[in-house]
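Think of it as A, B, C, D, E and F in the order they're written, each chain with its own count starting at 1.
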């Protein structure tokens, strides 16, 4: 019922897309907007560099344009929020970025947020974005686990590193809430939260929750 | 289905409570958490001063303690977020404040947010809160309509002033998104948005949308 | 001579009150305002949680209302400055909070201030407050000694922990001035300063010094 | 009794010095530190340019060195706080700058402070200083009355301009407390406060109040 | 002589490119690096929207890759600095963005910088960028002249609007230095500076000056 | 050709001056402005304290006044930028400070800059300056090597300490670009960059590069 929320995973990985689909499943309701997850065939297997981020914007905009007519809202499911403002410009629908929503949701859960990034090279990109968002006064630190998107499926190694980084963010940097800095980390949220002992925000869930709320309110207004 | 979201309007006004109830109705779903709105009998008719804010915290905490057992989440429905952190301390559930969620949601809709306050005396209180939230780099201005909570039911006068203030926030102060700075303004959201031409965030809707998302995700995890 | 400065210790501890009284004694003068220290019978033995902070506001406001008529100024002697803005709203006198004055005084003594807190749970509360004050650009860190208010009377253990934390704030976090983050730490100020080697601000002294100055100036104007 | 507070007016004007002396007179007490005001013979008639500020530092340091032995504290009575950090480096006593203390005191009286400057060229200098102090999040605006130090003795014209500027700071820029941006404005404080209706901080009074408090506490410790 | 500075105008306009070439001509020297200006055939006639910005990144990166081997440095000559960080990632040479260099150069010329934008829609994009740069404490305002890139060649109208906007930035918003917010405004710099009376930074000149300095220093090191 | 850039080393050391002269040599061109380096006979051997900084301003201003007539621009070659704003006030030429230009140039090379200071006492002075510049959101840390200006000529010890401090700034504090915090460190730039593996800004080079660019553009305009 209602206009769907399109969750665009701008890489080409079906594995990541399926994981996102599972992560947001609880947000589906019998009488609410559908939540449709899709990958971007033109995207790279994982978005890891600034070039990857910038390179997916045009195909993502084209894909969104095809979906525009019946869309209720868009979610861009990559922690660099590629094309967020270009899609807001292009579309008549609300557009949610998972980094933006993940960080903002974290601000309701703790006073200083930490971020678990995949690679060291992600960090300056994140810092620029948090600066643009104006949230650096609430920022504790952003540390990498040193694994690429493809490596995230190796469960033991990935979770172990996330716990190490999470504990450092908590203990050394004073973070009292953490944001997962990649759309492909959802499966580890619960175990990580138990291990580190502070709230962990899975950013795609945060964004889709806000998107569903928006579509429900918006459909009601225009009904 | 699922643990209810309790929306506590910490004033004693049934009118405000009923308006809140209507505003959040579209967020109810057949298979999702119930959304239960209630007023605080011990609260003042409207919360307008710092004393009003501070004075409702203890009764609000008591009320929340009574509701704790089956609660999925709490929403404090007053734009000063009275007792937000005390309730987070007391409760094992997630607690959402409407000012916090309203402002954070606005950050997804524009680069500089303006706030429409009821009274001039609200403004320093809001400024302290936005400073504590660390969002002043995104803040345009906060201007009062000069009406108390009780006066908000006079529709023509209230809407007229809101449009005037909204236009000033947009034109003079460069706001590109507005937050309604009182739980009792929901009925004017749509008309105001049409008149001013930039997005208007109704903060209780923003908070309840985030709370519903949280309960759905949380129930799924623990199910 | 002159209207008294009322120093309200909002907990019920006579020990803390007596220590405050000793700490501010040098600020009394033969021809200046009296400095009257008092506890709040309704307060908890120590103010340690956000609930404690919020819970003492109403009784503190009532006590201050009783004292209003002949008061020259009020000082709220708890490092969370409970009810500071509500009392400013209620009273025709100047109201000083010890956290506010302690931090501001520290800004005249060093470029980056550290805070010695009692408990880990105090820290996010302090951070929100420093954000509301807009002083985070001057903030080094806030670290707990892990002792409650009642434990502060165990002198050796308390001083030892304060010195450890003070040295960490200085060496690891670059603080060049420290603020004692509790009204009950005054007796350790001198020893701590000698041990750590940077200035230590006792916040009640800082606030009462400003209050006395205000009363003298104000009495002169209205005389 | 006790070590005196030396208030160094770093210009050569006896008129300004006499006005400062009157302004701080209520802070003298029978049993407290003496407050000794003096001008700097080598200083210019008024300190108006950055060159004036920088040019008085060396003679001011020499003067302070002569006074060091029996000094309890120093106050530098020029709103650019010339040589504040050099004197802190040189002296074993506490050193207070009137701009620093005036602004910090204003932060206890309102949420956004405005400053009344003498000349337009003062403003970038003040802005750099407020940035160094880290208080720009609390800053409303700084506006000039367009009169030099020597002109401040023309009472009607000066007060009229101060009221105009004060009202603009309050109404247009949202200031709820004002700081007088020159040591030579003390005589207008009371009239200005009545005319504008928000608190006005006279910065030399603010600094001397803090200095007296410090000397009393410090003498007690070392007695 | 030495490795050339490539100035990439990422739109397809030969007019803009020729104007840039004239603007940077004085930075050429007999014995220094060549300065080669070029347009991007794949670019739009003018870069005005976020989509335009994002859309030129991939072709710009390809063009830069072709030029990499003998390049001494790159300058991206569009005020949105499209692909700045992607090119820094891709290239072994230093990369300068004109918005970044223009704003940083302005910080050496005044305390609060204003920006003259082409269109209202540019402003939130600029604000995000200034936030990412961390320079908002020095920011006065950013106002549009309401003309697209193509319209900038209408000299009288353009200059007139720039003077109006420049005066507003100076008088109403307190800017004491202005940055031209588009690579196509260079021809008006001198006239604008004379009309408004505060320094005007032409951002391509600012960036190329820094790039030339870098190449000279770098060639010397590696020679 | 063209008006010279005068680089004023405000200490009296001929060694430092000669090193500066070598460092900026690659910025000289056959047809560009001359670059004339000079020391200040009245200056101390090294500028290490706030008093040193303040004490050289008046002689530096006198020296600059003598050079004013044919000057194209001034560079103040001490990392505390002594007298920067006084000289801007006095002179009709552009004035560049090496700390200002060094830090701003660093902002084009990394997201978080670290500073290598000579002595611990330099650090609060630098922090005040970075606050006045408004760049603290981009600041990682500032750490001393613990050597005075005179000691910088002991090459092995100096380079070893700089590498240690540089690595700490990079690894512990997350700096991705470093600024040398003294005009006398130029000879170590290249070795330090190779050892630490992130860009190192030599601030006098940064300032002179900007000054040369300015003179070329300015001479062209007035030719």
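Here, contacts are C-beta pairs under 8 Å (C-beta built on N, C-alpha and C of every residue); 3 or more make two chains touch, one makes a residue touch a chain.
To keep track of the chains, here are their UniProt names: A, B, C, D, E, F = Aspartate/glutamate racemase family protein.
Keep in mind it's a predicted model, so treat the numbers as computed, not measured.
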Touching both chain B and chain C we find A, D
Pair in C-F, E-F or B-C that repeats A-C, with over half of contact pairs matching by residue number:
C-F
Identify the chain pair with more contacting C-beta pairs: A-E or C-F.
A-E
When centres are defined as mean Cα positions, the distance from chain D to chain F in whole Å is 33
Taking each chain's centre as the mean position of its Cα atoms, how many Å separate chain C from chain D?
25
Computed distance of Cα centres, chain F from chain B, in Å
51
Cα centroid separation, chain B vs chain E, in Å, comes to 43
Which residues does chain C have that touch at least 2 chains other than itself?
124, 128, 131, 133-134, 136-137
Can you identify all of the chain pairs that touch?
A-B, A-C, A-E, A-F, B-C, B-D, B-E, C-D, C-F, D-E, D-F, E-F
Touching residues of chain D toward chain C in the complex: what are they?
25-27, 29-32, 94, 96-97, 100-101, 104-105, 107-109, 133-138, 190, 205-206, 208-210, 212-214, 216-217, 219-221
Chain A partner, complex, touching residues on chain E are 49-51, 53-55, 57-58, 61, 83, 85-86, 88-90, 121, 124-125, 128-129, 131-134, 136
Show which residues of chain F lie in contact with chain C when the two form their complex.
123-124, 127-128, 131, 136, 141
Of all residues in chain F, which touch chain A in the complex?
110-112, 137, 174, 176
